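You will see two complexes here that share chain A, one where it goes with chain B and one where it goes with chain C.
== the complex of A and B ==
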């Protein structure tokens, strides 16, 4: 019963999103919705390592950058079709994630966060200075778009991908692997003494999360048509972390809600003019202090309380 | 069954276990006693592959398992019940027990689950509760039951009485006696020397990283030095 209800809610959410291009009269909102869906992919990946495994990684945007640049450069230098380079971007990112994940996952907690932060800084520095390949701070423009740049078509592509990857994240979370990731978050030393090689599972979560980010980066590059190193800085990594925390870490719906929030909230706050970013920052600070379990966590708690009251009043 | 020869363990430049040798025979219950920082827990961790062995060897059933990876050692049949009531706090009691059987592939896991709950009735009562919500004594019982779920050939207990009320300590030791009566081989590290010596067949006394005395538990219990220093008589 409960399960069919959950599936129903997801289907309704998917259907209403699918109708968005018909409902939105202002094209700018469609543009933002596409960005938000790309961020859903990003946040689902971040949630795997941060929410389920309990390792706060700050290299998300860096991996997004690797995905964006590899898809773009593969297209330019090898004249591959765009859909093929988008598909290859997560694989290239996975290679980088394997190389960076193995050393960074040897440390825990704040140390892990700092090591991954350093990797993000390095990625940006390389993107800026390896001018022969990346064109430096000027960035690369005129990146080929799919279907002649049709926003509606791209919206559906991103929507289907975001839905599939959300489903994949849910399957991972419910699998035996997901159970072990949760166990690592709760008591990593014990996981070791039970006889589970925790590092394999941590590396798996880290690499899969990087592949999500890589795909999000590639989708971003071919949507905007322009990339430069600044877009993939630490600030974006922090936005990914916030999307997970705001929505509800360790839940499947959380990153979806969080992704839409980090994309739309700064826009909705435009009425505040020059106070916009201050207000945005204030909301984030207050939300993390008073709502550490995220929107999904608060909703679940509220539903539980309501249903308990129902039982009591029935009796 | 388990044989340590001239084992040395260091944390960085500081050596904490200075070449110890000890044996545990099948079906035996052996206690390692001594003060804080004597190297008892480090010895256990070295056996389990949780800290690297500097030199010397660890043999299990004739096989050299020195510095093998932690999961290879569990697969070989050695399970450790780490100190401090280690459970997965947000998982239910049942889930915790099932995690204990992770390395097993046989079909008897459900039967073992029932057996554990027969042995620890309190775990059956709380089977769907989150482990973090159990009391300290219940968590220690869960930790012990979880260790047994791996069907180990030898079970290592690290300070099972740590931080528990005296009454609960007594019931933890009753449980250990029950496990011993089932024929399980046990290597026990304990600061509560009296309880440990009452339970064990043999014991080793650690002081500053060395074994200074060994023998049948009864003899150690009545040895004047041990009585003065560790039993408070």
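== the complex of A and C ==
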């Protein structure tokens, strides 16, 4: 696909999404769309460390929790306006990511995944036990909402943020930094051998990924109005990983598609009652086995095949 | 000839009108249930959903809900919330936004219930909470929310008095203390123990998914306590009781679980359970049950081929409360009027649990109902109701009103 066509597809997608509040008469779907857009932000961040750098991080939901709690608590204790606390949440998350990223990135592969998994567990344990601050497992209710809780307005806020952060992820991926991240994924030793300090780039990807998650967490908290530690457990981190794999790892469109899938699919399967989770699991297993390159990868391969056929038939 | 045609036409018209008015009078009222139908919370959520379905069928068979000249037959839609806050929010949004439901029942678990409670005040809907025991659910003064189960610390206070009376001085606690309402229960117990010079010497924690509690029990055994107190979901608690016996801990075992015999016997044996106390709201138990309770037990067992969990009538009662309130309010559309009618309601005669009225009403100003508390003991394969635990609903209600 040439660049103009790609931009056109993105613009059409954005315009279609922007029309959703007018088109959707049943607001439940708007509710899910807002959650999906929050997950787009989360998945784009996850894609930077997982898809581009090749490091599978299992702490995404933990960072989402840090963002959610920091925005909520800054609002409660310092009476800051909600928009300001949402803006500060990724910065607070970045501090935690710097502290955890440095030791985590000293190891590679499965070891990195396990270390980040442990960090996610630690974050949840702290959220549960530091009751004086977080109210423990009971959670925090009545978190202030923007615009009196208007879902339409919030949808546009999240849509614009998701679009901007997707654009930012694309810019990073196309920049020299993005190329180095890809090179690290392909052969980290080779990157080191030509004098590039790979750890700096890995830390950059890890921290930026955490900032995306922190912002997603803050947006989640002020949308739902309630948070407790359970929401930010390892299961949610795995959902972020799945969103990237399902959509297409190392692509910009992949996390967008994957995020909508992980939010909408379990809801669409509600008709199956208690078999819902079995069905959901089965779909995920089959998709991972038969579409390891994700939906975007499959579509790209199909387009390539079609264009080759066209060239042959023209000849 | 003309007269015969005219008579025939009039008869047909009359029949058509009669049929139309019959159709107009019988309407459908869709009730939503949001509960844990899968996962760890399903031991409470699934029986609650079953109980609502059973109550709906009973009400329909008895003629439905009468509102003026209309009769409403109840239709139940149940969605799984996996006891997860996000899932619960999605399920309730679906019920309200897509299915047009105004009355939502169920809610067995505290985290998911708190998530829904945080926005239900802005909705034209009424939320009836069942087994979720977290105290803060009814401290927010949400006008369209009521709860049939008393908060955990209301029961904890009565349980503490009971344990103190038994004379044990050093109690070790093992439980899901990360969960707010279990911690509140233990805090209340501790306050009562302190009054008689007894104390809690250990607070060992397990998570709701843990199955091997021998490390915590070994540590407790080394402290040589006079008794243990177990607080947690049925399955986890059953493992604790079993493993305590396997470790040779021959001391009194108290608990706060609300599990049925069938649920416990999936994990442990009757011999390992012998003598265990469950200090909980006087929920469904054949020895303590009213006529309604006995009938409920029999009907549920027949219908689902399983015995009901002791806490399942909280949800069953919700539907009878709703029926009574709608009939008093004379409307199904005005949720504000129905919510107000619920708060003013005396205890309906069909309910199963033994509620303690506050100022003659089933729910206090906080929207909270109270049941009596009881001491149950496992004797020869069954929970046996031993005695009532003195509980002052009015005093607790006043205390609850001071919180926010």
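We take it that the second predicted complex is superposed on the first by the 314 of 315 C-alpha atoms of A that agree within 3 Å, B and C clash if a C-alpha of one lies under 4 Å from a C-alpha of the other, contacts with A are read in each partner's own complex, and residues count from 1 in each chain.
Going forward, a residue touches a chain if its C-beta (ideal position, glycine included) is under 8 Å from a C-beta of that chain, and two chains touch if they have at least 3 such contacts.
As the structure is a computational prediction, the values presented were derived from the model and not from experiment.
Participant: Considering only the touch criterion stated at the top, classify A:110 as touching first (chain B), second (chain C), both, or neither.
Facilitator: Once the two structures are laid over each other on A, A:110 reaches no partner at all.
Participant: Check the residue A:270 against both partner chains and state whether it touches chain B (first), chain C (second), both, or neither.
Facilitator: second
Participant: Touch test for A:26: chain B only (first), chain C only (second), both, or neither?
Facilitator: A:26 contacts chain C only, not chain B.
Participant: Name the contact category of A:3: first (chain B only), second (chain C only), both, or neither.
Facilitator: A:3 sits against neither chain B nor chain C.
Participant: Contact-wise, after the overlay, does A:138 reach chain B, chain C, both or neither (first, second, both, neither)?
Facilitator: In the superposed model, A:138 contacts chain C only, not chain B.
Participant: May I ask you to decide whether A:79 touches chain B, chain C, both, or neither, giving the answer as first, second, both or neither?
Facilitator: A:79 sits against neither chain B nor chain C.
Participant: Between chain B (first) and chain C (second), which does A:231 come into contact with in this model arrangement: first, second, both, or neither?
Facilitator: second
Participant: Show me the residue ranges of chain A that touch chain C in the complex, using the header's touch definition.
Facilitator: Interface residues on the chain A side: 26-29, 31-32, 35, 128-129, 136-139, 141-143, 149, 224-228, 230-231, 266-267, 270, 273-274, 276-277.
Participant: Considering the complex alone, what residue numbers of chain B touch chain A?
Facilitator: 48, 50, 69-71, 73-75, 79-82, 86-91, 95, 99-100, 102-103, 146, 150
Participant: Name, in rising order, each residue of chain A that touches chain B in their complex.
Facilitator: Residue list for chain A touching chain B: 179, 182-183, 186-187, 189-190, 192-197.
Participant: Quick one: which bits of chain C touch chain A in the complex? Just the residue numbers, please.
Facilitator: Listed in rising order, the residues are 37-38, 79-80, 82, 84-87, 89-91, 93-94, 96-98, 110-111, 114-115, 117-119, 122, 134, 136, 140, 178-180, 183.
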